[in-house]
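Both complexes below contain chain A, partnered by chain B and then by chain C.
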Partner chain A sequence: MIAYAANLATIVAIFAILAATLNFIVGYAGIFSVAHAVFFGLGAYAGAQVALLLMPDALLACIAGAIVAGGLSLCLALPALRVRGEYFVAASLGLQMMATTLFSEAKAFTGGIGGLVGIPRPTLFGIEVGVLPLALVALALILFLTARLQRGAFGRTLQSVRDAESAAEALGKNVAAAKTLAMAFACAGAGIAGALFALHLSFVNVESFTMDQSVLVMAMVIIGGTGTLWGPVVGAIILLSLPSGLAFLPFIPPTEVGAVQQIIYGLAMTLLMIFRPAGLVGDLSKGRATS
Partner chain B sequence: MNDTAIQALGLSAGYGGREVLQDVSLSLKAGEILCLIGHNGAGKSTLLRVLFGLHRPSAGNMRVFGQMPANYTPAALGAAGVALVPEGRGVFPDLTVDEIFGLALWSAGVAKSAQRERIEEVLEVLPRIREFRTRRAGTLSGGQQQMVSIGRALLTRPKVLLLDEPSIGLAPKLFQDLIRPIATLRETRGMAILLVEQNVREAFAISDRVLVMRSGKFIFEGAPSDLDDHAKLMELF
Partner chain C sequence: MLFLQLLLQGIQTGALYALTAAGFALIFGATRIFHFAHGTAFTIAGYVFLACWRIDQPVLGALAAIAAAVLFGLGMERFVYRPIQRHEGSFFTVFVAAFGVAVVVQNLVGMIAGRGFASVDTSLSMAEEVLPEIFLAPIFWVAISVAVVLFAALSAFLTRTHAGVALRALAQNPDLLRAYGLSSNRLSMLAFAVGSAMVAPAAILTAMTTGLNEAVGHHVMLISMAATIVGGVGSLRGAALAGLMLGVAESVALQFVDTQWAEGVSFLVLFAFIIFRPSGIFGVAQTR
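On to the complex of A and B.
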């Protein structure tokens, strides 16, 4: 039971990082990406390759994940600089579909559909460590950086871009640089989550980085509250604990848990959008979430 | 000081290989109101974006009061005294007017001690803003939002004001009330104003000179009275 709880806590912490970083671009920069799982995957594959080919050092794996995902965030930044709103959602959807295919086919890097197996247990400076404390530290760091960035000049610039891009330009803000940096930060964070995910499971394959995963992370952000610091964490806890909780209910057959879970997700999202459109942590009085 | 506020020579610019501005040159004198008209897609807004550093020209150069800007960025051109009021209001809907002014002053690097004075200067020109300073911009009428957008630009004490279709969505009377106080700034402060407008009658009433643009080029330059002949205006437009 303790091992089960620890595993759940680790997954929640990893997905909270993923949701917090997606929230950075959705909530603060107004860039609605449905391709966050791509960068989660890039980080996972990069971290796994470091562990398999070099050494299973968690720090090295996270750095590799952050560099690869952050560097390739330009794939998302370039369309973000040209199109907005629903057009960008469509562009990110295209990127997600393309990446899923690439992950399946690029066997040298991803292991293809079979994925990468036998990823060794993580170490930190030569000492074997669990992923849970690492994920919690990474989450705390991401939340701290998000809070700092959001309150500073960069955060104000991002929010001005989100609220009125033309007005931000008229204020002399470098909109392109702000969007690119926001994207790099968020995708690098997703890469760190991916590296930790690979080290935790000792196995990664493309099924963890599909469109469904991107939508799940987006749901965490929306349910928790976009543009809030703690909303994505709350969203991750709820959406990942729910299926685990359902599994313990005796009157739901184990084979039906998945279906019940989908119904509850859908119902929760619908009710939330009606009664708390700013999310669970969002500020209803303003009609928009605040931290 | 050089009395030519903006001197642009041979500006060309475009998007994705399509040239929108073609070898355009213009000069705008201090204290002058220059009205730029043309049909949709003529390149008027692109010209303003280039003059404010939001779009890099593919050829040509510009000087602001005789000086080449350090680079073609809004920050550098803003520091040189150029301000833009973008098309479509350009206000932050969730912020109050005071917050928008605070953000503009912070962005321009105006010291806190000088901020109250700057705001008072703007309120002297646009006194009606006092009535809704604490309201969120998103709840204001179109005319009020446009007032806020212009006020925001004036906070930086610009020497050159670029106005992109400020009359959109406004009744003619409202536009008059809005633009006439701005027009007085050319006399009181020697401000140069480049006004892009579709509302020709109101714009001509305050302008010293008119440029007509078609397909990225100027096809007419003259006094507003030169276009009193409606047929000629229609032919150019």
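On to the complex of A and C.
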């Protein structure tokens, strides 16, 4: 039971990192990426390769994940600089679909459909550690950074870009740099989550980095509340406890649990958008937090 | 010869893409709603037809498929988009709500009809050798004539009838339209009905050729979206042409790459357009 709870807590912490970083670009910068699982995957593969080939140092794996995912975030920053709104969602959907194919075909780096197996237990400076404390520290760090960035000049610039791009540019803000940086920060965070995910499961394959996963993370952000600090964390906790909660209901056959879960969160997304677009946490603090 | 075969195959796929893309473009052009659940109408129509086919009612099935798609489109307009637009209507709210519906329907279809590919076998989809080493199924001609007839009908509707002209007016200036005493609500329902009806023939023909699965809606939505952007937003002809082009590009690319990359080709085209020419082929330059 304790092992089960610890496992669930680790997964929740990892997805809370993902949701918090996605919230950073969606909620503050107004960049609606539906490709967050791509960067999660890049980080996971990079971290796993470091652990397999060099040494299973958690810090090293996280840094590798952050560098690879943050560096390749340019793939998404490029269209984000050109277009907004619907167009960008289309571009990010396209990137997500292509990345899924790429992950299952680039066998040298990702191990193909079979994935990478036998990733060693993580260590930190030579001492074996669990992933849970690492994930919690990373989550706290990311939340702290998000709060700091949001209140500082950079966050204000981002929010002005979100609300009125031309006005921000007219006031001399470097819109391109702000967007690129925000994207790099969020994707590097997703990369760290990926590296931790790989170390935790000691096995990764393409199934964890598909569009469904991107949508799940998106749902966490939206159900929790976009543009709020704690909303994504709340969303991650709710959506990840859902399957374990459903497993206790006797009338749902075990094979349908996944489908029922998706139906519930799909329905929740639609109903929230109709009746309470600010999300669960959004209403409590500010009234209206979405853009 | 392989090239010609792939080209013909691509035209067949492209004709179906063009139909769904035109429906999407019609809805977006008239109402400015990026209807992300467009692919879901396709899934519903396809599976309704499949269910009727199983009880040997193909004609009834076709009619039921069209009715189901239209009902779904109208339901989305009435119960999802209109309440959202009443209070806020930001693009993202609309996107998330529509995406939620798409996820729900995909899983419901998976639970009811079973997961994985399902198709219908007809004599129409039996390929014959028409030229040396060129195989064509009669459905090729069916797909192309259906697409041509529907486009002719659609452009006649948009240019010759009062409702069609009003729809185009709605796309250009909704406020003026209301000032002249026309109901924009009723017109957007019309746009959703016509646009959704366009996917039903494509869904039926897809069920006969490549088959359907519960996640086919994603693919259809992505292709329609890509075609609308590549064609230039607001241009029906552009969307249809781009749909045809994407189908051909996906198919011809098979000469050089493996099948799993076919979808990637479409997105490469989309990506290139977004970066180098966001207004599309026929679009006017917009600041978005």
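Please note the rule applied: the second predicted complex is superposed on the first by the 282 of 291 C-alpha atoms of A that agree within 3 Å, B and C clash if a C-alpha of one lies under 4 Å from a C-alpha of the other, contacts with A are read in each partner's own complex, and residues count from 1 in each chain.
The working rule: a residue touches a chain if its C-beta (ideal position, glycine included) is under 8 Å from a C-beta of that chain, and two chains touch if they have at least 3 such contacts.
Everything numeric here is computed off the predicted structure, so don't read it as measured data.
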item: Contacts of A:F24 with chain B and chain C, given as first, second, both or neither; value: neither
item: Chain A residues touched - chain C or chain B, whichever exceeds; value: C
item: First (chain B), second (chain C), both or neither touched by A:P277; value: second
item: First, second, both or neither for A:E169, with chain B first and chain C second; value: first
item: Which of chain B and chain C A:R156 touches, first, second, both or neither; value: first
item: Residues on chain A lying within both footprints (that of chain B and that of chain C); value: none
item: Chain C partner contacts - residues on chain A that touch it in the complex; value: 26, 32, 78-79, 82-87, 89-91, 93-95, 97-98, 101, 104-105, 211, 215, 218-219, 222, 256, 259-260, 262-263, 265-271, 273-274, 277, 290-291
item: Of chain B, residues touching chain A in the complex; value: 52, 54, 73-75, 78, 83-95, 103-104, 106-108, 149, 152-153
item: Touch list for chain A against partner chain B, complex; value: 156, 160, 163-164, 166-167, 169-174, 286, 288
item: Contact set on chain C toward chain A in their complex; value: 34, 80, 83-84, 87-88, 90-104, 106-108, 110-111, 218, 222, 225-226, 229, 260-261, 263-264, 266-268, 270-271, 274-275, 278, 288
